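In what follows, chain A forms one complex with chain B and a second complex with chain C.
Moving on, here comes the complex of A and B:
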């Protein structure tokens, strides 16, 4: 039997993540207020991180514009909502279709750029889309849009919708990573020139990765909008939502299936706790954590769980900084 | 009848540097063409043009009735041309088998091949190039000779009709070179046409059916190995004009001496 564990990352970590996902189904039963919202945000960040990880972790193209797709997704669902279609599934479907189209149309020129140039282009893109949305009156301009929500007794539907989106992103990443698509992405990441002579069309597969990444972020946005009840350009294109998915993927382990979830759970959880106890300086801890991870755990936490050489690499990186 | 693979007046200019000028030759099916020349003579540039990585600034390369330069680079392997890189380019984050499997998935015969079938094909090729024992190791663990073998296996995964090998023997020891030569012969036996760039003269002379010599971007000689090594132009390109002139002079003196000896009567013969 030929093992495919390499491209999906640590298998024990993946199993642990799947168990945790199932456990998270019980959250609304435990607490239907603050805790439910905290975990809904964790699931949202997980979905965003899964999207980023597919292009950034698997195909190796670091995007600073993941929030653009999240924002487009929120507006897709908000537009339907304010026109009387409050079905979350419809919002998600529209967000996926629109984002995939946007990713294909914009990706064909932008994904011809390599490395840093691509990163800067995506950053510019997300800022441009935010400004574009702020100037369209039909989308509420800078004032934003108020959405119709379900009554309090049914508020858990937003939680389960977000859970379904995150679960689909996890499953989607696992399926993609094991497929021929996953190997095309990794080949592009590892050496684009070598990938080309083996028959991999770089632009085509980068655009596919970006379209899936956009669909994932958009689906999360489509649930976030009605759950939040109100969206405006500043909130929908919040810069934190651009940075968090990258940091979460890094912390959990880029280019792995378990990584983004582990990262989202830890970072969003830690952030929540820090915010409660250190209102003013919680971002300091956050920043320090990022620095420590990059220094000592460049392969992410998942590398420590059942990946060959994980602990050895960690000890070696600790040793490298000994004075 | 048009040739199997023809290089027609290929020129390649990088800014002010004319890396190749008006290079033409044809390659017969099943041939082993050795491409030699001093450092900087344009061998790798020509390999890049034939594999479609570079579009020539003049002339063209014709294969299977298509001009290679008009086909997107990623589709050249689908026409049946595979290549290795002189500076090896393994996918270090993947295992050896996975590296080869990428070629089996996206190469010429990749369409409709499942990942599992691609892995099986990759395993076969790992055995062909003697990498089966490290097939599950990350490519980053490989030694240089093994990385060269991996390059060959990846190119073979494309099921090429023409295989371009760019210095796959550089850095190998004598027994490894012999193993590499055996591999090359087994490929020709399977009907693969080879274009080989190599600095090891002994190796390339023993395996090639034709030698093409480049110097300063121009083709200076073409022919069977024994013809090419005695060519004045080739000696001059490799060893300089003074050496070539001296060698020619020596050859002339030797011939004259032999001539003179021949007319001497052999008194002691019966």
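Moving on, here comes the complex of A and C:
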């Protein structure tokens, strides 16, 4: 259980994250090339994690289908791009609109499901949409689409576009968490039936949460597509993009505003190192990380800051769910 | 006639689905754990059959019990030393935990066996017989018979044995079972072991008809879930009926063939779409499944 007064999470962590976000504006000035791409990926994962966190962390609906919206976003901006509209903002706008619509239409049957049923349905959804896209010739089928990119001297626009998306997700989550909307989400998470009794319409708020989550993932996808220059179903619906946001939110702390960013920064950084030195085991590492975090830090790193009782308090928190 | 042939192929494939889904259903029904590593355990079962066949020339049908025992032991240990520590936490916790386990197991398999697709091909694999215009593969018929035998044994064991009764008692009321002397930690571990053991058996049976690679289990995870929902959660009959019914749906799926806005679609490329649609339709129209209870 949580105290409703603190649904944005720890304040120092939040301020630190906002300061870091502003500092990241300087990256292209310091280094263009490899470092810029690494940080662009971190920002992309942060945006994906914010989307997942809003639905999974705040509303308590654990989705394994976040990548479906990312994929739809990449294809929205790719379609515009291959038809001559290379403006990134237009791609983002289209991705947000399409994803919000998809979330509303699909949310009406899928959000009737709870718990495990919802989780598996979303996993099925991401696989189903990938199947569909791979079968549509206008989207390039399994062969994919090549996009027109800006010239090398202006490559930093993709970085700033991704920064803007991630910053909007951070700000959006903060605003939602402070508003009536955030309290409605938490009410649904803590006890959906009780929320109904208190006058919260779960369907309406769940659809809103999913639409915002989808828009966040879609916006990130819309920037990723031209930045990458090429997309195909396997890349757009990449399993990593489904897994990472969940692990990042978990590690940073689910249901907090700072958590997803902290998680994205830590894990994407570690992943970058692992991929350079141990290409084959980086996903294995993520699996182990999930297992360890779930067992030892079920409330994430950010929660560790507020933990009382030092080492003993930590030890005591471990046995709580054992048989 | 093509339709009848597709239905028969569907029923033959449905037996394996029933065995895979039974393991999934037990773990879900008894401990309220959705085991997202179920597909990974199916994959390990298939590699058991593969290794035994290529190294020792052991027939995959003989490997079925061996894979069951090996994966039972693995599942028992995982539940006893990992999942039991958080089994009483909110559902999200075990959900994510098994998700992590799945990644771990699949990637260890990738390190050991690489991503290449392998196969097991005993001499009889292509043999078949005809009933009128219909063709039936011997290997697939025996697969179905073995699958039916496994579900029969499980039904008897759960219903009659001391351990089976303890498992069912724990599912109904953990506290009361504990008071009656049931060791819950052990019962949970046995239940999870059965789930993984059945996954292993299903994997060994699959080795005869599917390519074996580390990610082969993923579609079977979704299918196990759909079969559970379709048949109704927590019963052996439910898993069996659901498995056969879903087998038929998949069998006739390639007959789906349509064109929208000049874009042609065929059922064979849309397996996951079909699974999702069946899942949603069943959950909305008949949330308790064909055979009985389910909690949504």
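As a convention for this text, the second predicted complex is superposed on the first by the 299 of 323 C-alpha atoms of A that agree within 3 Å, B and C clash if a C-alpha of one lies under 4 Å from a C-alpha of the other, contacts with A are read in each partner's own complex, and residues count from 1 in each chain.
Operating definition for what follows: a residue touches a chain if its C-beta (ideal position, glycine included) is under 8 Å from a C-beta of that chain, and two chains touch if they have at least 3 such contacts.
Note that the coordinates shown come from a computational prediction; the quantities given were computed from them, not determined experimentally.
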item: Partner chain(s) touched by A:191 [first = chain B, second = chain C, both, neither]; value: first
item: Which superposed partner A:151 touches (first chain B, second chain C, both, neither); value: neither
item: Partner touching more residues of chain A, whether chain B or chain C; value: C
item: Contacts of A:7 with chain B and chain C, given as first, second, both or neither; value: first
item: Which superposed partner A:180 touches (first chain B, second chain C, both, neither); value: first
item: Touching partner for A:201 - first (chain B), second (chain C), both, neither; value: first
item: Contact footprint of chain B on chain A as seen in their complex; value: 2-4, 6-7, 178-180, 183-184, 186-187, 189-191, 193-202, 255
item: Residue numbers on chain A that touch chain C, as the complex places them; value: 56, 60, 62, 64, 109-110, 112-117, 119-121, 123-125, 127-128, 130-132, 134-138, 243, 246, 250, 280-281, 283-284, 286-291, 294-295, 298, 318-323
item: Touching residues on chain C, where the partner in the complex is chain A; value: 28, 34, 82, 84-89, 91-93, 95-97, 99-108, 110-111, 184-185, 188, 222, 225-226, 229, 263, 265, 269-273, 275-277, 279-280, 283-284, 296
item: Partner chain A, residues of chain B touching it in the complex; value: 51, 53, 72-78, 82-83, 85, 89-95, 97-98, 101-103, 105-108, 110, 115-116, 118-120, 123, 136, 138, 154-155, 157-158
